[in-house]
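Structure first, then comments.
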Amino acid sequence: MHGLAFDMAHMLAGSLVVVSFLELYQDRLLALINVYAVHALVLTLSVAWQAFVQDAPHLYVTALIALAFKAVAIPIGLRRIVVRLGIHREIDNVVGVGLAILAGIGLVALSMVVMLRVTAEADPLAREDLAFALSVVLLGLLMMVTRRNAVSQVIGFMSLENGLVLAATGAKGMPLVVEISVAFSVLIAFIVIGIFLFRIRERFDTVDVQALDRFRGERQ
Amino acid sequence: MVIDSLIAVAALLLLAPAGIALARSPLGRPAIYGASLALSLGLTAIGIVSLLGTHDSAATLPLGLPWLGARVRIDALSAFFLIVVNAGAAATSLFAFGYGRHEEAPARVLPFYPAYLAGMNLVLLSADAFSFLVSWEFMSLASWALVIAHHHVRENLRAGYVYLLMAAFGTLALMFAFGLLAGTDGHYAFADMRAAPPSAAFAAVVLVLALIGAGSKAGLVPLHAWLPLAHPAAPSHVSALMSGVMTKVAIYGFIRIVFDLAGPPAWWWSMPVITAGAVTAAMGVLYALMQRDLKRVLAYSTIENIGIVFVALGLALAFKANAMPFAAALAMTAALLHVLNHSLFKSLLFCGAGAVLSATGERDLEKLGGLIHRMPQTAFVFLVGCVAISALPPLNGFVSEWLTFQAILVSPQLASWGLNLMIPAAGALLALSAALAAACFVRVYGTVFLGRPRSEAARHAHEVERVSVVAMGLLAAACLLLGILPGFAIDALTPVTQLVAGGRMPVQAAEAWLSIVPIAESRSSYNGLLVFVFMAASGMIAAFTIHRLASNRIRRSAIWDCGFPDASPLTQYSADGFAQPIRRVFGTVVFGARERGEMPPPGSTEPARFSATVRDPIWDALYAPLAGLVAATTQTLNILQFLTIRRYLSLVFAALVLLLLVLAAWP
Amino acid sequence: MALIHDLVFQGAQMLLVLALAPLLTGFVRKVKARLLRRRGPPLIQPYRDLARLLRKDVVLADNASWLFRVVPYLVFAAVWVAASLVPTFRTGLLFSWTADLIALIALLGSARFFLALAGMDAGTGFGGIGASREVMIASLAEPAMMMIVFAIALIAGSTQLSTMAAFMNSPEVGLRVSLGLGLIALVIVAIAENARIPVDNPATHLELTMVHEAMVLEYSGRHLALIELGAFLKLLLYVSLIACLFAPWGLAPATGGAEHIAIGVVAYAAKLAACGFLLALFETAIAKMRVFRVPQFLGAALMLALLATLLRFVSRSF
């Protein structure tokens, strides 16, 4: 019915939604970080495909940033922090997995209804991509709301931001996407570091590295 | 036709006092049940002739309201429901021939049984609101008398009380519905209501009232609370009638009001109906899995099947509102076929439960077991009933389930967003309840008939009377026939769908090999006969080949059980244990199911105790607060009993002054 | 003439599935053994097992009823009829209009119903455990399967398997999100229904976490052979279903000539081998789940399938 361009974009946007559901399903922290890496990877592929289809080379840069920062650097950094600081590895849920996924499906339905009604006259490719993007945003928010662990909340926030990037690249001719992406990624990096510094300070009353060394128990 | 049916109903009514007279004598039971059987068969024949002949007949009797008379009429819809009600009544009357021998208070059952049958038939025949409501109340009262027949059991009295309360509430809702339909001019006859449909706002209120009134009698959640109390309390053949047949009369009331009298439906009407149906189906079967009493399991399973019927009715309403007559006919056929199928297999199952009760004296699943060896014929027909209700091919339960799913697959063509989101969810709940129903009936059959006996009563059970087994066998045969040859039933239903849904399905009898093709053959089709033949042929070929070419020897030995020595029958799975995984998966969320084990300290000789509790969420959320509210209000109003004479006089004075003021201020 | 033609092909299909089913299981076991650096049993070992079981006496418990003796034949008949109606190398089966995909699932459901009853008939704790866990798994796997059928039926416009396979093989179907979701959900359901790791372990027979094996613990001789053959057929059915719906390339059309049939047969064999290899790889790579993690796993399949159906309801292009 539609061409390969439509189908491929659809498939990638849909996969992003599915990976968001996979994030909701995880109950271990390291597995969650890996799934987030896959999330960023799918975003990269989607943005690259959009760059190819819309013939917009600056989107390739966005894709590259997503790959470098979000699919590689941030997951590696988070994994190191989790392992080093010995953060509690099981994710604490406010509601059970089943209810969370059910709520997720309701949110996807809601975003479908809203987006497809509001944009009734626009290009079908853009409309449905926007619907998927809104779903990813809502699912990221759901993750932030239903998880007690700080790392999982950060990952929810980053998935939300991935959804926003998907929306931005789906709509044609959006300028400054590259710059916004860079700014966002730096912001996220600062937030992540800030959270962990805060937690360290909370736990040990200091961020002084030498003091932390004393708590390690190796030096007496 | 309608005069003949009235004569039959009058005869049933006359049997009631005859029952009082003959209750003590040994002829009482065969006379009353035999006469009921004959009259029900006669009414079934009248129904079949009216349905296939497709002619309506009407009459007006000089009873009831003076300016109205009592209108009676048989059209396609009432003819179909006459068949359903009276076929079920005939089967249970035949069953009661044998079962009634075990009745210890025949004077409390024999007079009210024919009255109950008469009441149900009168509801179907009524063509004006007054006679409809009077017959409805009469039906409720007759069945209430039967519910409290065994009045020395305390729960039965409580069940009767709750039943009466909910029946009165339902009739009130229906009264308001008919009042709105009649309008300010008071046109109570159905023909007048049909000619002058209400405005859109009033029609919406009528829909809600009909859903509440008829739904409470049918057992829609959350108005179902009386059903699992009342249906098990009555004698088993009466339970079969209440579950299998009276709930269908309630569905008739709903269809008559919403599809026939309330005028053309609005686009959103199907939404509350489908929601109520889907939630009822899922909740009903989940409740059923938590029960230990055999008849209560069957009562909750009735609730589940009523939910399925309401989902199909809601789909028919949606298609009708969207001007899709073929799809509406498909959904309506699915609903009506499920009505017929359910009345057949539920009556069969309740009769089987009655047989178990009379053979062992037990209803508790934890005290039965191994009955397939002691009651082989009952076990066989009960198995047919369990397979039918679990919607497995080639029996009839599968056909109506299949047609409902086909109707769901047509529904993306509906233009509404809300429906497009609700219908897949309803479909998922329907599929879930079908799978859980199969689980429920594996549990029931496995605990009651299979395994080893768990009590002395089960060990010494005996087969029931031949005539009861024949009655159940006839019902089982009907289940098989409807499953193999559903095309004839679908064709017979076309006058009904034409009347209420405005369309008809394609002629099924012309299809090759008697398969059913709801829309087009390339799209979907099902042939029950060939599936049955293939399965039978494959099984027999396998048996024959293996017995000839390989071995056919059998040795009997002790049970293997992984080499453990002869264990007591109590080590086998109990009914609660069987339901435990499902209780953990679904019950923790829906019922707040909790399991607790108390281990004694080491060295103590006390046993460990395990308890599993479930709470009924609807009772806690709806009924308990309402009952509390009513109790609190009556406490406060109790002061009115103890006023002085002067205070009473001032009340009268205040009322008079108020009325005069209203009269003065009226524009 | 065309009728004889079609009848021959339907008969060929029935015999083919019966002949190939043990081979598929033998292949999966061989690959699993090789992946674990063992030599593994020969590929035709399942045939030998069946032959050995068929020749043995049946040992029945004293309290086993007639139902216990009839169930293996019923289960085998239901699964064989179902497997004969799934297109393997050619669409347009003669009797495909007797039972569509919904009826096929219900046929498998009745096989499971009777097997659970047979488990209860023995009157031991093992049969009860197997039966109760089996129905719990079924209570989630069956609705998931039904939703998958809805999603694909809404794309293909039919629940008739031959029509669906022909549609999937045509160029009209593009990459669809709901198809992707449906495939993932179908794979999860297939693993659960065939009692494979991570839901159940088909290799050992006696642990208390077993589901399928616990139900058939009391069976012996030709009864056990029929039940095993039924299990092999079920695996073949699910693999054929996945192949004809999601990888329909090479399926001979109903009007195809001899060369189409030949391609169809070769393609089918290749698909069986590929799926068997992937199954063995998956089973070796993952550990068995706790019993009460299985509802979450299947619940995820149900949700994916529900999402796929929802998307189809909402828009034609999903």
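Letters A, B and C name the chains as they come in the text, with residue numbers starting at 1 for each one.
One rule holds for everything that comes next: contacts are C-beta pairs under 8 Å (C-beta built on N, C-alpha and C of every residue); 3 or more make two chains touch, one makes a residue touch a chain.
This is a predicted model, so every value here is computed, not measured.
Put simply, the chain nearest the middle, going by average C-alpha positions, is B. More contacting C-beta pairs link the chains of A-C than the other of the two pairs A-B and A-C.
A centroid comparison over C-alpha atoms places A as the chain most distant from subunit B. Mean C-alpha positions place subunit A and subunit C at a centre distance of 37 Å. Annotation: 50 Å between the Cα-based centres of subunit A and subunit B.
Shared contact sites, meaning residues of subunit C that touch two or more other chains, fall at 295, 306, 310, 314.
Counting only residues that touch two or more partner chains, subunit A has 98, 109, 113. For subunit B, the set of residues that touch two or more other chains comprises 421. If you check the complex, the residues on subunit B that touch subunit C are 369-370, 372-373, 376, 383, 387, 390-393, 398, 401-402, 405-406, 408-409, 411-412, 420-421, 423-425, 427-428, 431-432, 434-436, 438-439, 442-443, 445-447, 450-452, 513, 515, 521-527, 530-531, 534-536, 538-539, 542-543, 546, 550-562, 567, 569, 571-573, 577-582, 584-585. Against subunit C, in their complex, subunit A makes its touches with residues 1-2, 4, 6-8, 10-11, 13-15, 17-18, 21, 25, 97-98, 101-102, 104-105, 108-109, 112-113, 116, 124, 128. If you check the complex, the residues on subunit A that touch subunit B are 96, 98-99, 109, 113, 117. Those residues of subunit C whose C-beta lies close enough to touch subunit B in the complex are 54-67, 73-74, 76-78, 80-81, 95, 97-100, 102-103, 106-107, 109-110, 112-113, 116-117, 119-129, 131-133, 135-136, 138-143, 146-147, 150, 153-154, 157-160, 163, 206, 217-218, 221-222, 226, 291-292, 295, 302, 306, 309-310, 312-314.
Residues 172, 174-177, 180-181, 184, 295-296, 299-300, 303-304, 306-307, 310-311, 314-315, 317-318 of subunit C touch subunit A in their complex.
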